[in-house]
Structure formats: structure tokens, C-alpha cells
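In the two complexes below, chain A is the common chain; its partner is chain B in one and chain C in the other.
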Partner chain A sequence: MSAVNIWEKMLNIDRRWIFLGIAVVSIVPFFINFGMPVVTTTEVEDIFYYMDDLGPDNAIFVSFDFAPGTQAENMPMAVAVMRHAFHNNVPVFMTANWPLHHGMMLAAMEYVFNPSTVGFYQEVPFDDWRELREADVTAKGELVEAWENQGNQLSEGALGWVFEGRDYAAMGYAPVFNLVILGMTVSIETQYPVDAHGNSTGEMPMLQEHKSLREVDMALTSSGSGACVWWVTYAREKIGLPIAFGLTAVMATDYYPYLQAGQVIGQMGGLRGAAEYEVLLAENGITPSTDKAFTGMDVQSAAHIFIILLIIMGNLAFFAGGFHKKTLLKGGR
Partner chain B sequence: MYETIGIWVGALFTLAIYSFLYKENPIYRLAEHLVVGISAGYGMAITYQITVKPRLIDPLLSGDHWILLIPGILGLLYITRFIPRISWLSRYPIGFYMGTAMGVGFPLTMKANVLRQVEGAMVPLYQSGMPWYEVLGNSVMILGTLAALIYFFFSKPHKGLFFGTGSKIGIWVIMLGFGATFGFTVMGRISLLIGRIQYLLGDWLHVID
Partner chain C sequence: MKRTVPLMIVMVGGILMILQYFIPHQISQTIFAYYTDWTPIILAFALVLGVGSLTRIHSHKIRRKSKNWQYSWAVLIPLYLMPVLAHIWPGSLSGGMDSPSIFHFIFMHVQVPIQATMFSLLAFYIASAAFRAFRAKSALATVLLLSAIIVMLGQVPIGELLGKWFPQTGLWILRYPNLAAKRAIMLGVGFGMLATNLKIIFGVERNWLGGAGK
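Then we have the complex of A and B:
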């Protein structure tokens, strides 16, 4: 076999071997922890520190603007910001701009409130604390005290109570969402008379304290499509609402201009952005440990090294085999 | 019980989709078609359950809010697309929606996507006390933007110092942008694979946390 044939074989390798290689390097790091560091970047730190300054008097929106296809990237971002908000007792409005995205919102809630999740929050559904609400006990500190005085105990491992209507409102999907954002600059209740669970939003203390987007302090759009710009267009430019982007990696470069122009306070790009936020949460004692995005970064690095090696080998074979002087390879390339 | 069934279904369909990497097969085709059908069905169910019913049907049945008949009828006119003889009626809701969206969206879209971006590109090349890396960064940004714009200016031949050199630099700037996008795309695709592997090894097989 001549040397040229070896190079040609390398260039015409069955791509299924490459898929197999990617599968191996993507699975092994889950069992052998390399502990690659995740260094935080300014655009993620800006969101974190902005969020960290908020408290019970503030409120944020977390908009689930992604479908299951990009769940791996977008979900950890939304979950991380939700946890940060719950830790600081910042009320969270959760919205979705498409029917499929509504399911992602419900999945995020299920994850954050699930006792099997490390560092979960124990939820109290809206109807369960009706008596306290009617007795006008709605401030978070008083509410927790009164709730525990009724004999309710925080489960082991839970980081705190979250009361539906006080700490979070699952608003969900509403059609023609760009106009819904615009409408919420005047009144949130008009756009969402009931939440995703059928509760009347007008009865919710957090809606009574934050009637429109003008009384809200930030919106994070965890987005897998161009719909993230709706928040900039209809909320940032209309009333100056600070916006944070949580974007898939594919989208990230396209949306840096919004960051550079000062239209968004920060941007989390792909799994790495989410991992950075998880690192900041853990380093600041907000969560007991990092989560899925951080775990995935070892795999990410291993896969990238493998792809870089393939690119180097491909180029080596191309030039060493003298194919740059020829017109076509056997495979037609 | 239902959760376990759901996880098994999710895992098996994940494997069915990945089987395409070996070669096209009927299992993959089945999974692909089910994704499309279930997504559409789920979307319809959610739309009815949390939009049409609570926002239109329930208020109308309660006897109040008769004003909702107007958007209700307007919405129903969309369905006339399926009846050729009166399909022209569907133009009314489409026209209403387009007109509203244009009227409301145009000024804000111009502001967000054009004026603010132009404003964002108007940065000083040099000011006293400005660190060198900021001077360099601003210069690269401004010259890069101008060069890329020159590349897309087709009313003059790309020759000479201004148009020729400018468009060549423009190509480099655009290629650098594509390179960054490609890098991010690789990261994004691997991230999606990581998500599925976490699901298969964690939620399904319980061999990782």
C-alpha cells in the first residue's frame, strides 16, 4: 500500500467512525472526572451581580423561549437564575412565547421543586396558603413563620420555601407574545388574567406589588430562537426594562452586538454560559454545588479536543498526500 | 409508574433518532414522524387549554365579555382557508394581524435593531486616559464594520485602495465572524449531545448522578 493511499484512506474515512469516536469521548468524562476549570466571563458575571443586588422588593421575569430541541443548553440557564432569585426572595414571573415552550417552563419548575434534585426548593401551591393570604400574611418572612407555625416542616435538603403567587407565578404561554410583552408594559394582569394553573393572577401578592413591566427589574430570556429580541424591542426600548440573554451557542455570536450596544446587561452563551452561572452560584454559597451544565463542560472540552485532532489530521493528510495539487479525490471531493 | 414509562419512551426514541447516524432506517423514520405529529398535537392542546378556553370560551359562556365575539369571529375566519369558495374571508384576520404588527412593531424595531446598533458603533477611537486595549478594540470594531459594509456595496467595482482593499479586509472580517459562529455551533451541537447522554446515563440507566 503506497503512502498516498494511506492519506487518501484517512480523508475518505467512513464518518460513522467519527460518530463513534465522538460518542466515546462524550461518555468517558462522565465516569472519569478531569475537573477542567470553568473561568467566568464578564458578560455572565454582569447578570449574576445584577441579580445578586435584587431583593424581596424587586421582581424578575424568566421567559422560557426555547423548545425541547435546545433544552440541554437553555434549561440550565433558566434554572440557575430561578435558584438565584429564590435564594434572594426575588419574585419570579415565568412566561413562554410558544406552546412547546410552555412545557419547558413546567419542566423547569418540576426540576427546581423536585426533592431528588440537590438544592431543591419546596413549593407551596397557591391554594394551600389561602388562609394566610386572606389573613393578609403575605410578606415572605412572616409568611414562612406562620406557615411553619401551622406544623409544616421544610424537607431535608430543601433550601427554602417558595410560595406560589408570592415567590413565583407560572404565567405560561400566551399567543402573539411580542404584543403580550407590549401589553405587559401597561398591565401584567390584563395579559394574564389567570396563570398556567388556572389561578387568578389578580389575587397574587406579587402581581399586586408589580402590576406592570415598569415595576419589574429584569427579564431573562432563555431563548433558542430570534424571539429573544422581542424583549429588547418591546420592553427594553419601550420602557427601559433591563434584559439579560440566555442563548444557545449557535445564536451567541449573532447577539453580541446587542451586548456591545448596551441593550442587554449580559449574555449567557450556550452550555458554557450556564456553567459559568452555576460556578458563580456555588462559589457564592447560593447553591450547595454546581449542576448539569458544569458537569457537561468536561465532556465539552474532551469533544472539542477530539474535533481539533480530527481537523489537524484531515489537513495533514490533505497536504502530506499532495491532494492540494490534485483536482479531485476518489470520493469526489 | 407514569414517570418511569415516560423516561423509557424518551430513552428509546432518543436511541431511535441516533440510529440514523448508522444509516437511515424505519425506526428512525417512525421517531421522526412522531416528533412532528406529537409536537403539533401538544401545541394544539396547550393552545386550547390555556388560551382558547380560559380567554375566550369561558368568558363568553359566563355571559359577560361579549366584546370577545369580535376577536373570536375574526380568528374563526382563518379556517375559511379550507373552503375555497369563501377562502377570501381569511384575508381579514391576516390583514388585521399584519397591520397591527407592522404599526406597533415598526418604530420599536427600527429603534432596537438599527438606531441603537448605529449608536453602539459610534465610539471614540481615542480619549485621554483610555487604555490601549480599548483604543485597539474600538479601532478594530469601527474599521471592521466599515470594511464589511464596503464588501456589501455593489454599486462600484471592488477595485482601488478604498473599494478594493476595503472589500478584501471586509471578507476577512466576515470570515472571522463565520469562524466564531462555527466554533459556537460545534459547542452547541456537542451540548445537545451532552444533554441526551445525561438523560440516557442519568435519568434512564442511573449510572451517573
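Then we have the complex of A and C:
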């Protein structure tokens, strides 16, 4: 067999071997936890420290602007910021710009409130604390004390109570979301008279304290599409609402101009961005450990190395086999 | 008439929306409020039109037993079943959208895995395409290839272990050359959109009429 034939064979390798290789490097790191260090960047630190300065008097929006296809990247970002907000008792409004994204919002809530999640938050549904609300006990500290005095105990492993309507409001999907953002610059309640669970938003203490986007301190859009720009166009540019981006890795490169222009306070790019936020949360004692994004970085490391090796092998065979001088090369399967 | 009326609506509506954005007056706010009320109503009609059209096309395929007609059932059944489960099916029989419900179960265990799988397939095809097509055939292609490798390594922890300059150089590429190129593209697209929108508003560009009134 001549040398050229070896290179040609290599170039025409059955692509199913490549698929198998990707499958192996994607699966194996889940079982062998390398725990490689993730170094944080200013793009993510800016969001983290901005969030860290907020407290119970502030409020943020977390907008679920992604579909299940990109949830591996977008979900950890939204979850990380939600947990940060709950730790600092910052009320969180959760929205979705598409019906599918509404399901992602519910999935994030399920994850954060699920007792099997390490460092979960114990949820108190809106109706369950109606009596306290009617007795005008709505400040977080007093509310927790009164709630526990009623005999309610925080479950083992829970990081704290989160009261629906006080700590979070699941607003969900509303049609024509760019107009909804514009409308919320005047009044949140007119755009969402009821939340995703059918609760009257007007009765929620957090909505009584933060009536419009003008009284909100940040919006994170965890986005898998260009819809993230709506928040800049309709909220940042109109009323100066600080915006943070959580973007998929392929999108991240597109949005650096917004970052450099100061139109967004920071951006989390892909799984890496989410992992950086998880590292910051763990390092600052906000969560007991890192989460899914950090674990996924081992997989991404292995996959990137594998793809780079493929590129090198492909180029080696291409040039060593002299195919750069030829016009025809048989295609592989 | 078929052309003049739509053109007038677009011109008046477009100019009003431009003006209201820059004039913070009560009248402009009222106009905007009307607009925000009207848009979802118009879109609701578009939804009826879209669902009706989709139903007609697929029921036609089923009736005629056209090629792959069986898949039309896969479109029509969820199209009608999911809204029924979310809004009409009684809550006592696990109706509604909240967990636990049949709707939520189907969403989490059918829709989510399907979409996640479709997106995950990209990794396999990217790997295969990178092996076959990513060649250093010219100086520009070599720059692209090297940049890609540096950014790929810079984005993952193993790059940091291989050399600190990988993440630093990767970030430099993203923050400067990438940013400059993206900004140029965005400005070009922005000016293009502005010109096209003005042409539509003033009736110079009329392709959107779809030949109506000719």
C-alpha cells in the first residue's frame, strides 16, 4: 500500500468512527470527574458583583428566552442567577418570550425548588401564606420568622425559604414579548394581570414595591436567539435598565459590541460563562458546590480536544498526501 | 384601491411610530398604547390563519394519501391535543400547564428530549465537517483555522492547563478583532434595515404587497 493511499484512506474515513469518537468523549467525562479549574473572566465577574450588591430593596428580571435545544447552556445561567438572587433576598420576576420558553421557566423552578438538588430553596406557594400577607407581614425577615412560628420547618439541606409573590413571581409567557417589555416600562401589572399560576400579580408585595421596569435593577436574558436584543432596545435604551446577557457559545461572539459599548453590564457566553458564575457562587459561599455547567466543562474540554485533533489529522493527511496539489478527492461517507 | 390603502396604512403607521418614540408627550404615549393593544389582536388573527392553513394542508395530505402522509398525523394530533390538555382538559384529570399535569409531562418528556437531541446532533456533524473541510488551503484559511483552535482551547479548562496564553489570546481575539468585525457587520445591517424600512414606509419598496392590485 502506497503512502498516498494511507492518507487517502485516512481522509475518507467512515464518518461513523468520528461520531463514535464524539460520543465517547462526551459520555466518559461524566463518569470520570476531572474537575479542571475554571478561571473567571471580567465579562462574568461584572454580572456577579453587580448582582452581589443588590439586596431586598432591589428586584431583577430573569427572562427565559431559550428553547429546550439550548437548555444545556442557558439553563445553568438562569439557575445560577436565580440562586444568587434568592441568597441575597432579591425578588426575581421570571418571564418567557415564547410558549416553549415558558416550559423552561417552569423547569428551572422545579430544579431550584427540588429537595434532591444540592443547595435547593424551599418554596412557599402564594396561597399558603395568604394569612400573613393579609396581616401585612411581607418584609422578608419578619415573614420567615412568622412562617416558622406557625410550625413550618426548613427541610434539611435547604438554603432558605422563598415566598411566591415576595421572593419570586413566575410571570411566564406573554405574546408579542417585545411590546410586553415596552409595556412593562410603564406598568408590569398591566402586562401581567395574573402570573403563570393564575395568581393576581396586583396582590404580590414584590409587584407593589416594583411597579414597572423603572423600579427594577437588572434584567438577565438567558437567550438562545437574537431576542436578547429586545431587552437592550426596549428596556436599556428607553429607560436605562441594566441588562445582562446569558448567551449560547455560538451567539456570544455576536454580542461583544453591546458589551464594549456599555449597553450590557456583562455576558455569560455558553457553558463556560455559566460555569464561571457557578465557580463565583461556590467561592463566595452562596452555593455549597458548583453545579451542572462546571461538570459539563470536562465534557467540553474533551470534545474540543477531540475536534482539534481531527482538524490536525485532516490537515496532515491532506498535505502529506499531496491532495492540495490535486483538484479531486473522493468524498468519505 | 388594493394597493393604495395598505400603502397608506404602512406610511401613516410607520411615521407615527417613529415620531412617538422620540416625543415623550401624552398624545404619543396614547398612540403607542393603542398600538400595543392592537398588535396582539392582529397577531391572534394571524394565529387562526396559521393554524387553519396548517390544518388544511395536512388534512389534504392525509385525504390524498400523499407521500409520507402518516407524518401529517404527527403534526395535527399534538397541534390540537396540547392546547386541549392545557386549557380545556379538567384540572381534576391532570389538565392545565403546571406540574403535575399531562401537558407538563409531555412537554418535559417528549418535547424537551426531542429538541435537545436535535441540537446535540450538531456536535457530531461539526466534528465530521471540521475533519473534512477545515483546511489550511490559503493564508486566510490558515488564520481562520489557527484562530478557531486558539479560541476553542481558550474556552475550556484544559486550554488553561496547556498554557495560560490560550485563554488570554482567545479572549483577545474575541474582544478586539471579533468585536471590530461584528460591529462593522452590525452597522452595515443596521443601515440596510433603516434604508429598507424607509423605502417600505414611503412606498418605494412594494414587494411585501405580493403583487396585490396589479
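Just so it is clear, the second predicted complex is superposed on the first by the 331 of 333 C-alpha atoms of A that agree within 3 Å, B and C clash if a C-alpha of one lies under 4 Å from a C-alpha of the other, contacts with A are read in each partner's own complex, and residues count from 1 in each chain.
Keep this in mind: a residue touches a chain if its C-beta (ideal position, glycine included) is under 8 Å from a C-beta of that chain, and two chains touch if they have at least 3 such contacts.
Note that this is a predicted model, so its numbers are computed, not measured.
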(message) Quick check for you: in the superposed arrangement, does A:Glu145 touch first (chain B), second (chain C), both or neither?
(response) neither
(request) Look at A:Ile305 in the shared chain and tell me whether it touches chain B only, chain C only, both, or neither; answer first, second, both or neither. (result) second
(request) Applying the touch criterion given at the start, work out whether A:Pro193 contacts chain B, chain C, both or neither, answering first, second, both or neither. (result) first
(request) Answer with first, second, both or neither: which of chain B and chain C does A:Ile22 touch in the superposed model? (result) both
(message) If we overlay the two complexes on their shared chain A, which of chain B and chain C does A:Leu182 touch? Say first, second, both or neither.
(response) both
(message) Looking at A:Asp57 after the superposition, I want to know if it touches chain B, chain C, both of them or none. Which is it: first, second, both, neither?
(response) neither
(message) Touch test for A:Glu215: chain B only (first), chain C only (second), both, or neither?
(response) neither
(message) Contact-wise, after the overlay, does A:Gly103 reach chain B, chain C, both or neither (first, second, both, neither)?
(response) both
(message) Looking at A:Gly69, would you say it contacts chain B, chain C, both, or neither? Reply first, second, both or neither.
(response) both
(message) Just to be sure I follow: which residues of chain A are touched by chain B in one complex and then by chain C in the other one?
(response) 19, 22, 26, 69-72, 100, 102-103, 175-176, 179, 182, 196, 249, 252-254, 257, 260, 269-270, 272, 300, 303-304, 307
(request) Over in the complex, which chain A residues touch chain B? Could you list them? (result) 16, 19, 22, 26-27, 30-31, 69-73, 98-100, 102-103, 172-176, 178-179, 182, 193-194, 196, 198, 229, 232-234, 236-238, 248-250, 252-254, 257, 260-263, 269-272, 292, 295-296, 299-300, 303-304, 307
(message) Residue numbers of chain B touching chain A in their complex, please.
(response) 21-22, 39, 42-44, 46-47, 50-51, 54-55, 97, 100-101, 104-105, 108-109, 111-113, 116-117, 119-121, 141, 177, 180-181, 184-188, 190-198, 201, 208-209
(message) List the residues on chain A that touch chain C in their complex, please.
(response) 11, 13, 15, 18-19, 21-23, 26, 36-39, 41, 67-72, 100, 102-103, 106-107, 110, 175-176, 179, 182-183, 196-197, 249, 252-254, 256-257, 260, 269-270, 272, 297-298, 300-308, 310-311, 313-315, 318-319, 324, 331-332
(request) Using the touch definition up top, name the residues of chain C that touch chain A in the complex. (result) 32, 36, 39-40, 43-44, 97-99, 104, 107-108, 111-116, 118-120, 123-124, 126-128, 130-132, 134-137, 145, 148-149, 152-153, 155-161, 167, 171, 174-175, 178-179, 182-183, 186
